[in-house]
Every structure is written in structure tokens, then in C-alpha cells.
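Consider the two complexes below, in which chain A is the common component and chain B and chain C are the respective partners.
Up next, the complex of A and B:
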């Protein structure tokens, strides 16, 4: 049975100490502000097309319009003269300019397309634009090879409706802000261990479990509140806010459990911070899988923060609901219980 | 000033200080940053379309020439697959923008001018421009394979005179700065502040050791760590340049300035919390030249307003652009002057009460 009246003073003391330290309070506010400002400054759109300037006096506008409609990744800006074409490229209003001769389609005339590029265009992009130019020439001349292409889209088709990078970063923001408290939570217990007050506390009627709950509540409040503030500011609470808050609460529980496990198994503050940094780096890996799909294969699922990132991505970016997040949340809860239990066990074995 | 006492303190700093968080961060962060840049710029951030090909004829000895042609293109990332499940899985999870399944004997049917079946798997979240580019690439390579004449010649005209500036090059200055400044500035500053907080600095200077010797020892540890990390980062990125001796000398000078800045901070700041706060405030000034390199749209002269520019620019000029002594002498002279000035400040501070 947990006696809350004995736990509350300990929680209040820890919170007072945390916010009483102007440095910690400053850094906490600064890091939250940095995340929110970074999100606000990042572009909210995805550049999905090649914007090409084209001077093609012999090609009817309808043909170009049809090609644009066929190839969704192309956006064509017509130029009146070849000078206009190069001006558009120099002004960076188009990634490249194509001057298409009227004789296109007449092999006897040996037509030449002039491709205008900025000299700062990277080598790979130059190759890509030459490939694209050739593809356009093939389409306009009707010389395409005889291929029977069957196409299958895997996953939801987001062509033309991509998730902006800043929104893809929401899981990263959530995980980083919440998981950063691993260090804070671990230090809560390590401070008591280093100063020797933990033994004094445990000689009072407070049990190890209650101490764990008290310290856990402090860690939970700190990490959950910060996660919720950031998610509210980056639009993460605009869809299914309760499920998002539940996800953040489970993430905060995970942080508390990992923090205590580290604290109970290390000697002093220095080793706590060292191991904490390693844990923080490991836990920060999975959200990069959302930011750069395909980066992390199956092994990423072994890290509990994968399920935080996955649930946040599902709720904040893909419009998912309970059906989509119940599995990751259940697994995350499992991690919370197992790691939390281990934390209590290790603390008990060490001090009793 | 006793070299023996300084060396003894340096030995102690390396033996015990190397377990300190700041020391570990000074070593780990530049390496991690280097790894992240290599990963992001080498693959993901480069933003190249990713194509995977499964040649069903390969197992039956009817290997298509198309995969090899596609693999040779530098504008895409290419992977070859041996089974459809793996290809499908990678497209599904976004490791590929597009997967291509070539039927057995595809080359033969193409060469006979017959209609050839081709299965295309598209990742739903792939960018439209990547789909367009990959389709154009495959169509073009098929035309070349079957000997269909290209309908046009393409002549490229380059406008402007700015060379390409890949992201790897833009981020490199930041990497060099973090390698030199983290070890050089943070380690001696944190070590001094910790000694002050633990009240061991006064104890140390009541021994025959003078405060100046303490500063020299801590500064030497910071400078040597900074030099080692700078060299590791340059070697790791293949950027020692054509004159490695000159580059090493420049890193050494930069490390010295960095350590002097760390000592000044360490002497003036009273506790670790204030040190972090000051460094956060100064950070933007120290790293400003690297930010100017990162965004070419910022006028280059702005970078010259910051003293650390003269630490960074000569290193980049020799390591990346093959510059010689004649090209960088002016900047190095300014760096040397700033280093001497910082040294004078440290010498003046060494006369203060250490605690």
C-alpha cells in the first residue's frame, strides 16, 4: 500500500530543488524554446517537383501541359526566349532550363537540346537533370521503348501530399525532450546516494517502493510536462490529444524506470551521467527512423523509444487513432513495467 | 616554472580527468558528429532517389545488363536484390523509392523489339520527382540497352561561376570547430572550475606548484586533446590536405588559442553552472564562422569579424582547397596575434588569487 502523504513532501522538495536552481531552470526553458523555434523556422512544405524552365517554340502548349499532367514530378515554366530561360535559371526560379529546338522528332535534323544549369549544381543533380532531359525528349519525340509496366504503390500513396520534414521531426522532438530527463531522473536518486541521505530516508517508515514512487513522480512530472509543452507548440496535440498525452505519460514512465535503473547500478554522479548519456544516445536513435525512413531496420524495434516514436508519428503525422497505437502503447507499457520492476529490485538489493 | 611539476599535473589530469564527463564529451561528440555527417550527407541528406532491382533471370543464367547500367549512374542510390520478398520489404519500409522486377529473359525480348513486362514497386511516401527521375532513367537505359537511337543530343551550358558546394563541405567547418573547441576550451575551463568548487585549487597552489604552472598544465591538456581530436577528424575525413605539416601546425595554433580561451573562462567563472551558461552565450560567437560557411548566402566578410574565423579559415584552405603558405599567411598572422593577446590575458590572470 502506497502512503501518499509520506511521498508528497519528497516530491515537493525535489521539484523545489530543481526549479530553485536557476541554471537548470534556464537550460530547461532554453532547450524547450530552441526546439519550438527550430520547428517554427523549418519549412512547412515539401518540394516534390523538378521546376524546369522551357523554351520550346516548336512544341504546342497543350503537349507540354499533357506531359506535366502525366509526369507529376515535373513543373514547367515556359520562357519566351532563350535569354529569358537562362535568366530564370540564374534567378533560381527553375532548377534547370531546357531550350528545345523546333526540329525535335526529326532524326535527320540531329536536334540538340541545350540544358542550362547553374555552375553550383552538384554533380549528381547534373546527371539527374540530363537523365530527365532525355526522358522529356523521349516523351516529346514519341520514341519510347515498348515496355508493359505494371505499377504497385506500397503503403499509403503520399505523392503530392508529403509530410513536411518538420512534422517528421515531431517524434524526434518528443523523444529527445522526454528522454533528456533520463539524466535528471537518474541524478535525483544518485544525489541521495552520494550524499548518503538515501540510507537516512530508508530508515524512516518510507519503503523502497515509496521512495521509488516519490522520485518517479518527480521525474514523471518533469519529463511529461516538457513533452506535453513541446507537443502542444509543434501541433502534436491537434489530433487525438488524449492518446498523445497517454503516449507521453508512458514515455515519461519509461524515462523514470531507465533513470532509476542507471542510478541504482552506478557508483557516483559521474558514472551515472556517463551511463545516462549512453542510454540517451541509444534511446534517441529510433525517431531518426521516422525522419529518414529505411534508415533503421528490425533491430530498432528492440529499443523501447521505437514505440514512443512510432505512436507519436502515427498520431501526429498519419492521423492514426487507438487502433493504430494500441500495439505500440501496450509494448511500451510492458517495457515500463519490466524496467520499473528491475529498478525497484536493484535499489532494494543495494540498500536493504 | 617547473616542467617536472607541470608534467606531473598533466599526467594526473589525463589519468583522472579523462573519466570526467567533459573530457568524454570532447572525444565522443566530434566523432559522433563526424559519423552523423557521413551518414546523412553520404546517403540520406544527399536526397538521391533510391532504386532496387531484382533480376529474375539471374538465377537461370539469363542475367540482364540493365542492373549494371543502372548501378553505374551517380545520380541514384542503387541496390541489387536476389529475392522479391526482400525487395518488397525495403520498398515498404522506405529504404527504396522504387523497386524494379525484371522478368527472366528481359534483354532478349527487348532486343527482339517485343513488348517487355516490367513490375515496378513504388514506396507510397517517395517524392514525385524521384518517381519521375527514376522512370526517365530506366526508360533511357532501356533505350541504350536495345540500341534505340536517342532522339536528341543534349548540350549542357553552365551559368555563373560558383562551384558546387556539397553539404559535406558545408558542414565540415562545424565539425572542425567542435573538435578543436570542445577539447581545447571546455576541458581546461571545466577542470579549473571543478578544482575551485572542490576547493582543491587552493590546496594545489599551497604546494610548491604555482598558479601559473597549474594553468599551463591544464591548458596543455586541453590543447593536446584539441590537437589530437582535430587531427583524428581531419584524417578520418581524408582532409589533411597536400601539406599535412602545414595543416598540423595550423591545428596546433588553433588548439593553443582554444585552450587559452578555456583558461580565461576557467579563471573568471566561479561555478560549473555559470560556466555552462557563459559557454552557451559565447557559443554562437565562437561557432559563427562555421555558420557562415554553412550558409553561402551569408556574405563571407561577416565571418571575418569573429576571431575564430582565423583559426578555421586557414585549416579549411589548406585541407580542402590545397592552399599553400602564401595564400594563408595573412590570416595566420592575425591568428598568431590573437593567440599572443589571449596568452597575455592568461599571464595577467595567473597573477590573481587562484581561489
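Up next, the complex of A and C:
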């Protein structure tokens, strides 16, 4: 049986000491402020216009206007000379530039279309622009086959309704802020062990189990509260708030379990902080894989924070509900149970 | 016989292959002060840890106030107070906060923390952080912490070691006050003079075993040798020492011969100290 009246004083003491420690208080306030300020400073709209510069003296304006009208989001910026064209690209007023010779359409002339790209243009974008250039060349030369192209959008079609970058970052914000408390939670136990106060506590009627509950509750309160504050500030609670809070609670449990493991398996505060930083970096990687699919290979899914990030992404960015998040939340709960049990086991061995 | 406050029966504890405590048995009556004496590594602290529920014995049984410590750890711990050898206070908290925290952990509702600090000589310093206290003040605060719930048994591990005479005396007085209140005290110490002065009985522990256990007086009677020490004027004016054992039948004759044949400058009797007896019984010193 857990006696809350004996646990409460320990939780209050830990929270007081935590915020009484200038370093922890500073880091906590700084991380919260940094995330919220970063969110506020990022653009809240997505520019879906594809701006292409063209120097095409032989192509009538009406043809270019027709191209713009046909391709949604395409905006053609006309250049008077090829030098103007390259200047537009260099000034980043267009994604790329096309120089179309007046001889286009003359089969005897073997004309060449020049594609101007910035050196920083990514390889995938270069390939895509080359394909686009061929298409434009065929259109302008009048050699287009009489072929209709239809497209099937798989999954939620975000065309015209792209998620702003700052909102796409919400899973990253959630994971970073909550996981930062790995260090705080680990230090809760390490400090007690290092200062010997754990012995004084364990000679009171407080049981070892109640000590874990007290430390776990403090870790949960710290990480969950910070996650909830950040999510509230970045609009992450506007859709399915209860599911989002459940996700944050499971993430906080994970942080507590990992903190226990680190604390029980390290010798002193320095090694706790060292191992804690490694854990923090590892746990912070999966959100990038969720935000940018393909960026991280399959191993990212082996890290439990992947399931925090994917649940937050589903809820906050894709408008998902229970059906979409129940699988990641179940897997996350499994991680919580396994890592939590392991943490308690290792801690018990350490105390004995 | 009334139920003992502490009963240790064949306690055994190993650190790997090393047997730290080897079949230790003893009893302490309610209201008694037992001194547990021995050098570093003798098994004193390990025995204390088993008695206070911090370590589970690898053999034997510890029973406090009629309760098995392993099976009823929390009930036992509610009735004991422990003062550790090494300072383990919440240094960033004030003395009052330290006492109030432990008062709440013990479920004490009417804790007079300021009065307790007054008793250990820290009156008026309660709002200061423990980090700013001297070693003696911290030790007194630790003793106060062990007393917040008026324990029936008090375990004190080297409570005066390294303290200034004033702090050490304050703690010794407190121990006697607690005994007067009816508390049983298990005092682990190196300090033989302290043990002699405070303890009703002392146990000598060496290599994890109890080598002797009795009242200081009885131990001195059994193992000690009473002497008369005299300084006499020797040849050339130099002082020479003479020792005359007082326990033999020839003591009176030897004393007469001393006064008759020599010029006695000083003379006094000397009892064996607990330290002498410890060395005699265990064959090793206390360092």
C-alpha cells in the first residue's frame, strides 16, 4: 500500500530543491522560453508558389500566361536577357532559371535550353527541375503528345493546405522539452545517493517502493508539466487535448524510467550527467525521422521517443485521433513498463 | 526477563568472500546504553545497518521491540532513530526544514523543531542552511533529526568523532537525557573514555565477532590489573618509576617495602582502561 501522506513531503522537498537550484531552474526556464520563442518567430504560413525565371524571347507572353494558368502555384518571372535571368536566380527570386532559345521549335536548329541553378540546390530538386525543363521544352516546341496526366494523392492531401514549418516542429519541441528532464530525473536519485541522504530516508518508515513512487512522481510532474506548457503555447492542445496529454504523460513516464536507469547505473553526478546527455541526444533523434520521412533509417523506430514524436505529429499536425495514435501509444506504454521495471530493479540492486 | 529492546541472534553478513559479521549475538534491555566498540572494519557499522533495516542479514535474525527487522522493517523503523557517522543532511535546506521534513516522514504532527534545536545547542540558528554549519553543528543537527519522533531506540554511529569538546559534550549530555527518558541506545564508537562514561555495557567487536560483552566495571575487574604507580628518587637524583600490582596477596608488603626503602616523590593508583582491556582481549588496537 502506498501512503501518500509520507510521499508528499518528499515530492515537495524535491520540487523545492530542484527549483532552488539555480542551474536546473535556469535550464528549465531557458529551454521552455527557447522553444516558445522559436515557435513564435517561425513563419506561420507556407508559400506554395513555385517561382521560375524564364528568358524566352521567341515565346509569346500568352503561351507563358497559359502555362501559369494551367500549373497551379507556378509563377513565371520574365527576364530581359540571359544575364538578368542568372541575376534573378542568384538573388533567389526564383528557384531556377530557364533560358529558351528563339530557335525552339525549329527541328533543324537542334536548340539547347539552359537551366540555371544555384549551387546550393539539392540533387533531388535538380533532377526534378531537369524533368520539368524537358516537359516545358516539349510544351513550348509544340511536340507535346496528346496525353492527359491524372494524379492520385495517397493519404491526406495537404496540397494548398501545407503545415507551416513551425507547426511541423511541434513533435520535436515536445520530445526535446520532455526528454530534457532525463537529466533532472536522474539527478533526483543520484543526488540522494551521493549525499548519503538516501540512507537517512530509508531508515524512516518510508518503504523503498514509496521512495520510487515519490521520485517517479517528481520526475513525472517536472517533465509532464513542461511538455504540457510547451504544447499549450504552440497550439498542440487545440486538437484532441486529452490524447495529447496522455501522450505527454507516457513520454514523462518514459523519461522517469530512463532517469532511474541512468541514476542506478552510474557512479556519481558527473557520470550521471554524461550518460544522461547521451540518452538525451539519442532520444531527440526520432522526431527528425517523423518530420522528414526518409531522413533516418529504420533503427529510429527502435528508440521509444519515436512513438512520442509520431503520436504528437498525428495529433497536432495531421488531425489524427485515437485510431491513429493507439498503436504508438501502446508501444510507448510497453517501453515505459519494461524500462521502468528495469530501472527499479537496477536501483534496488544498487541500494542493497 | 522483560522483552529486550534489541535482540541480535547469530547475525551474519558477507561482502563477497569477506565475512564482515560472523554470528554476532547479543541483547540490549530497554533503557540501556550499549557501547559497540571496535576498530575500523571490525563489523560495527554493518551490524548497525542490519539492526536498522538498511541491510538484510545473510544469516541470523535481528529483533527490535519484539519485531523481526526484515519482516517488519517499516514498523521497526517508525520506532528507531538513526544518527549516521557520515554527515547526510539536505545541505541546501535550513536546519528547521531538515527536521520538519523528517518529522513529516515519521508522521509527527506536533513537532517542536525549534525546541529540539534548542536542546542540541542550535537555538536561533534554525533558519540557516545546513551547508553553512560547522562539522559539530551538523552532527548535532543529525542527532536532533534522529530524535524528531521520540524514538524508543536510538542508534548513534560515532556521534562525537572529530568534534570539538563543546559539541562532543553537548551530544553526550543529550545521550544521557535520552536514556533518562527511557530510550534504549546503541552507541557505536571508537572512544573508550566516552564508552566508559556513558555505557551501561560495552561489546568489543573484532573481525566480525564479539570478543567480550559486559559492564565496563566488570570487564575491568575481569581483565584489568590494578596498579600503584610511584615515582621515586633514584641514584644521581633522577626519577624512576615503580609499579606494584594491587591484586596479589603480596601488595601490602610490596607497598611497605617501597616506602621503607625508597624516597617516594609521587604515588597514585591506576585502573586498566577499556582500551587496555580491548587490546588484551582482541590482541589488536582500536585504530
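Observations on the model:
One rule holds in what follows: the second predicted complex is superposed on the first by the 257 of 352 C-alpha atoms of A that agree within 3 Å, B and C clash if a C-alpha of one lies under 4 Å from a C-alpha of the other, contacts with A are read in each partner's own complex, and residues count from 1 in each chain.
Assume contacts are C-beta pairs under 8 Å (C-beta built on N, C-alpha and C of every residue); 3 or more make two chains touch, one makes a residue touch a chain.
Note that the structure is predicted; figures quoted are calculated from it, not measured.
In the superposition on chain A, contact of A:90 is made with chain B only, not with chain C.
Contacts of A:17 after superposition on the shared chain: chain C is touched, whereas chain B is not.
In the overlay built on the shared chain, the residue A:128 is in contact with chain B alone; chain C does not reach it.
Comparing chain B with chain C, more residues of chain A are touched by B.
Residue overlap on chain A between the chain B contacts of one complex and the chain C contacts of the other covers 21. Residues of chain A that touch chain C in their complex: 5-6, 8-10, 13, 17, 20-21, 195-197, 199-207, 352. Chain B contributes residues 19-21, 24-25, 32, 40, 44, 46, 48-50, 73-76, 88, 90-96, 110, 113-133, 135-137, 139-140, 142-143, 146, 148-166, 273-274, 276-277, 280 to its touches with chain A in the complex. Residue ranges on chain A touching chain B, taken from their complex, read 21-24, 26-27, 30, 46, 48-50, 71-74, 86, 89-90, 104-105, 107, 110-128, 130-138, 140-141, 143-160, 162-163, 270, 273-274, 277, 281, 292-295, 297.
Contact residues of chain C toward chain A in the complex are 52-56, 73-75, 77-78, 80, 82, 84, 86-93, 101-102, 104-107, 145.
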